[in-house]
């Protein structure tokens, strides 16, 4: 259901989408029943001359069950919702499948920066690749991320992955994702982080293994090590305006 | 304020507890959550930071103990004042209330002396987690002592004229509550090191 | 308008004497080097003292029954707050999260330009 | 009685319905067109509101947030650097904390005209004097400045033809920070940053932190 | 101690600004709250314009910069919750109704009541003064998460942040005083004969709301002190580099913040209960059950707070507990709504304006309620957290509460407050002109939320997926609907003031209602009741078979009606 509005580009996106659909169906049903009941009653018992009001206290057993039975059904629906909800939560947030790669995601006012291991596959070495504003990942690879913040609370959100996790200063929070569709997707900050909050955009670029290897190689030659990775053309032209500025030069 | 000017609402007592005492209980209930929230925050941080014990060792246990003694004694005065008010002896109640307020004053003086020593040693509000909580907790408590004293003196002035004697009990209740808060602050800030 | 419900048999001075004795106990106990004794002297005694003050000075024993319940419910809410917050604030690490050392916000910002 | 009331009410109703409708239509019409400034100067002032939280309304900056004093900065330089930020040529380095704060704010400028307008507005701001934030030896710095003078001029007034901005009258902490950034490669390594790549080797001639402080102290003595 | 002379003719100052009369204090709260609503609505207009027409000049405001946008949404949120919903729903209706409906002459502590309003007014002034300081008003969201709110160089509005915090703290003190007074008055000062289950639901709910507020606000007051010290005295309570913890504030805030939802919901539910009973001419279906569900909601509201923090970095295992309690709270709320709907059964429903509002409340609130399930179940919240879905859900609960129910209450008690009837036709136009655009504002926001729009973003230009034209059209729809809705409020303002002079004279009991406030003249005189009433029955005795009229007021002795009554 959600995919009508936004691409699902990670393995667990569909779990959340199905959960959303389940809730939508169940509560939608009850919403329609309750609203329908209400409007029907308003119509049925509209004031008419010569018809007296019934005196009902709500203690009458034969009437009370009209409340009790739906109510029990609602509770059943609650259970039907909560169990898969917790399962989805458990599988996304509580257990982490073994990692193929690890990235470090650092939020700051008002940019995302990323650190990932270079060709040697080890983090915190000289050939680490550090990027700002865009993260390059391989498709069909399980990534663990370590999330932290340089200043205030940020929230690392990739809507297409159905991924969201706040970054707290003073903490390292881990999570995982496994992109399963090549493309380039938005990274948002969804926690108020100051005046640039609405401008704190980033891109996550899911590449085929070949493309990723090429990118990796290009950015981790010893000469560029320790320096920034080059922004790929797709992100420089992120807003269309930036490209304009370049063309003009 | 003469009794006749009060609304009828004030004189009714649907619960069997007079309105004045009832409102005091509610004030105490809401104070419990204020102090409770602060204390809970402190305890969590304190347990999470064993290294704060070093800071805590600089507090003056004797000053805290002395203050506990003073507050306990002033609580005794307050409850005796209530006893006097119950037997409609306004002037005696007023005298005891003033004594209670004096206890509060001594408490604040000791506190001031203690803080002066701390600050001289270089421990101020921003000197670290423990000190932040130390000054905030004791300061909030001290503010309650101060407010209690002021109200108590006003109540005592009325009580001396045998007016509004029911207030003696209410301010007493409040005072005992402030005392209880200190009973917990004392071990938390001075003993647990 | 004081209430008649209060029974004035309590010997307030006696209670006060007990309280002071307990205070001395807790101060003496705090000098011990055994952690358990210090904690009991500190908090066990404090609980007893608070109970004595509440019961005898605040007359909770003769107050309407719901008043102590009300106060206990308030305490209960604080306990709930504590229980809900402690897993995050009291602990240094948990499931998939850990607190960084106090002087480091971001561990690997090697060579970061520090602000003046 | 009912009928009479109803007709009176009808009038009131239709009359008061007209008002909100007119307001809606009017509001929509107004919001569609720019009712604001039309000339560049006023537009510049409006757009400058975006910069005010950090750089202050007089452009004096705020050292605590790493925002330099920009009052009176030349329009060509402001425009050029803003364009660099927009293109990701500046403010995209992993360690450029201040640059990463600046870049998104610059991206909020809606158009080229706005960039021009705000650059010109910045130039019109009267320069704001500032104090010095760290000690240094201007005498020792004078010798080091010879390298800088080639582009930035003996008085530090800058040279548009060489792309060198005015540096006299710029906050000392800012100069020092940027020199450090050039030295460490946080700034001036992007292949598209033509001027930055020229500046970087120059900054690397400064041997150490003391040299930075001294040369900045010398720049502080210059009158633009 | 000053002597307060009750029956001397007071001067203007004494009458309007220094009065201890509960009705005057209610009016003070009402008009202050409505004035703040205008300010909050104006902010909504400005930032919705920015979202609908990005970077355009907003008529009546100017350019919306990113910083100003944050300040606008922060102030809109804070004002609407703390300075509109709370004062109008609890303080204004509470002050006006409690003494009248429980049958006494004033609050138990009139001067505490006056002090409560004065502190509230002070908090308003402190808040408004933040618009004048350097940097402008606080822009760190109404939740004020530190370290953003604690450090001036992060939020860039150091003075505004402190003033905001002080204003909120003062406002809390005002409502603690007011709430304690409400509670004591209702507990102690009821008319003779009014037993626990004879108290009208609206009074019950206002009092329970006050109690929930009292029990939940404490930790946040403590937190506010800590945050204030962090801002001004450079302590580090919430600073991780100095042993503090930013999550602590979030917990303290939401421990208050979630019960706060019910603090404003309950009075609205109470108002709706009164209106439905009167206009359906029906006893509330299961009065006691409604009360039990209210208590359950009140208690449960204390154990759900961390569902606001599912992805905020709390330990993920805790989320399971809070997810379950959150869904648990839907049980009593559902029951309550079902009972309200059931009350319509067998009634004789008169669709006057107040009833329209009340039914509108139920219809709209249900949407807000069911969309909460999406957010309360932890799995889907990962995606929906902090998106426009939350905004839409929240407004589907809060607009019914703070706008629809308040209009219901105002139109219902207007005759009692001012002695004249509001114009019905204008009232109905206003109702439809508010409720229809309201849905048109927020239904699109549900969709943009599910499409991933994050909240508090001043422009989506930099987010490729969010700047799709389809989403921008939805935002524009929402903005236009807001303009329509706001402009229809002018009709209410006109009706309100026009009817003050020209409305039909109301008489004591225009709606033929059974509760005590309708037994006194409109507006009620000083001291309310000429003869203090005695209560003989519950508040909702409508539709009695065989009586002379179809309802029996609470204060009429049984024998006057023979023995048909229970």
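As written, the chain order gives the labels A, B, C, D and E, with residue 1 at the start of each chain.
Criterion: a residue touches a chain if its C-beta (ideal position, glycine included) is under 8 Å from a C-beta of that chain, and two chains touch if they have at least 3 such contacts.
Being a predicted model, the structure only gives us computed values, none of them experimental.
Counting C-beta pairs in contact across A-E and across A-D shows that the higher total falls to A-E.
Using the average of C-alpha coordinates as each chain's centre, B ends up farthest from subunit A.
In whole angstrom, the spacing between the mean C-alpha positions of subunit B and subunit C is 16.
If you average the Cα atoms of subunit A and of subunit B, the two centres end up 49 Å apart. Between the Cα centres of subunit C and subunit E there is a gap of 35 Å.
Taking each chain's centre as the mean of its C-alpha atoms, subunit D lies 43 Å from subunit E. Under the contact definition stated at the top, the residues of subunit C that touch 2 or more other chains are 74, 77-78, 81, 85, 89, 91, 95-97, 99-100, 102, 105, 109, 111. Within subunit D, contacts with two or more other chains are made by residues 53, 94, 96-97, 104-105, 107-108.
The set of subunit E residues touching two or more other chains comprises 65-67, 156, 215-216, 219, 240-243, 245, 247-248, 252, 255, 313, 316-317, 458-459, 462. Residues of subunit D touching subunit A in their complex: 53, 83, 86-88, 91-94, 96-97, 100-101, 103-105, 107-108, 111-112, 185, 189-192.
Here subunit C touches subunit E in the complex through residues 73-74, 77-78, 80-81, 84-85, 87-89, 91, 94-97, 99-100, 102-103, 105, going by the rule given at the top.
Across the complex, subunit B meets subunit E through its residues 1-2, 5, 7-10, 12-15, 17-19, 22-23, 26-27, 29-38, 40-41, 44-45, 49, 52, 125-126, 128-129, 132-133, 136, 140, 154, 158. Taken together, the subunit E residues at the contact with subunit D in this complex read 49, 52-59, 62-63, 65-68, 135, 152-153, 156-157, 423-426, 429, 433, 458-459, 462, 480, 483-484, 487-488, 490-491, 494, 498. Taken together, the subunit B residues at the contact with subunit C in this complex read 15-18, 20-21, 25, 28-30, 32-33, 36-37, 39-41, 43-45, 47-48, 61, 65, 68-69, 72-73, 75-76, 78-80, 82-83, 85-86, 165-166, 168-169, 172-173, 176-177, 179-180, 183-184, 186-188, 190-193.
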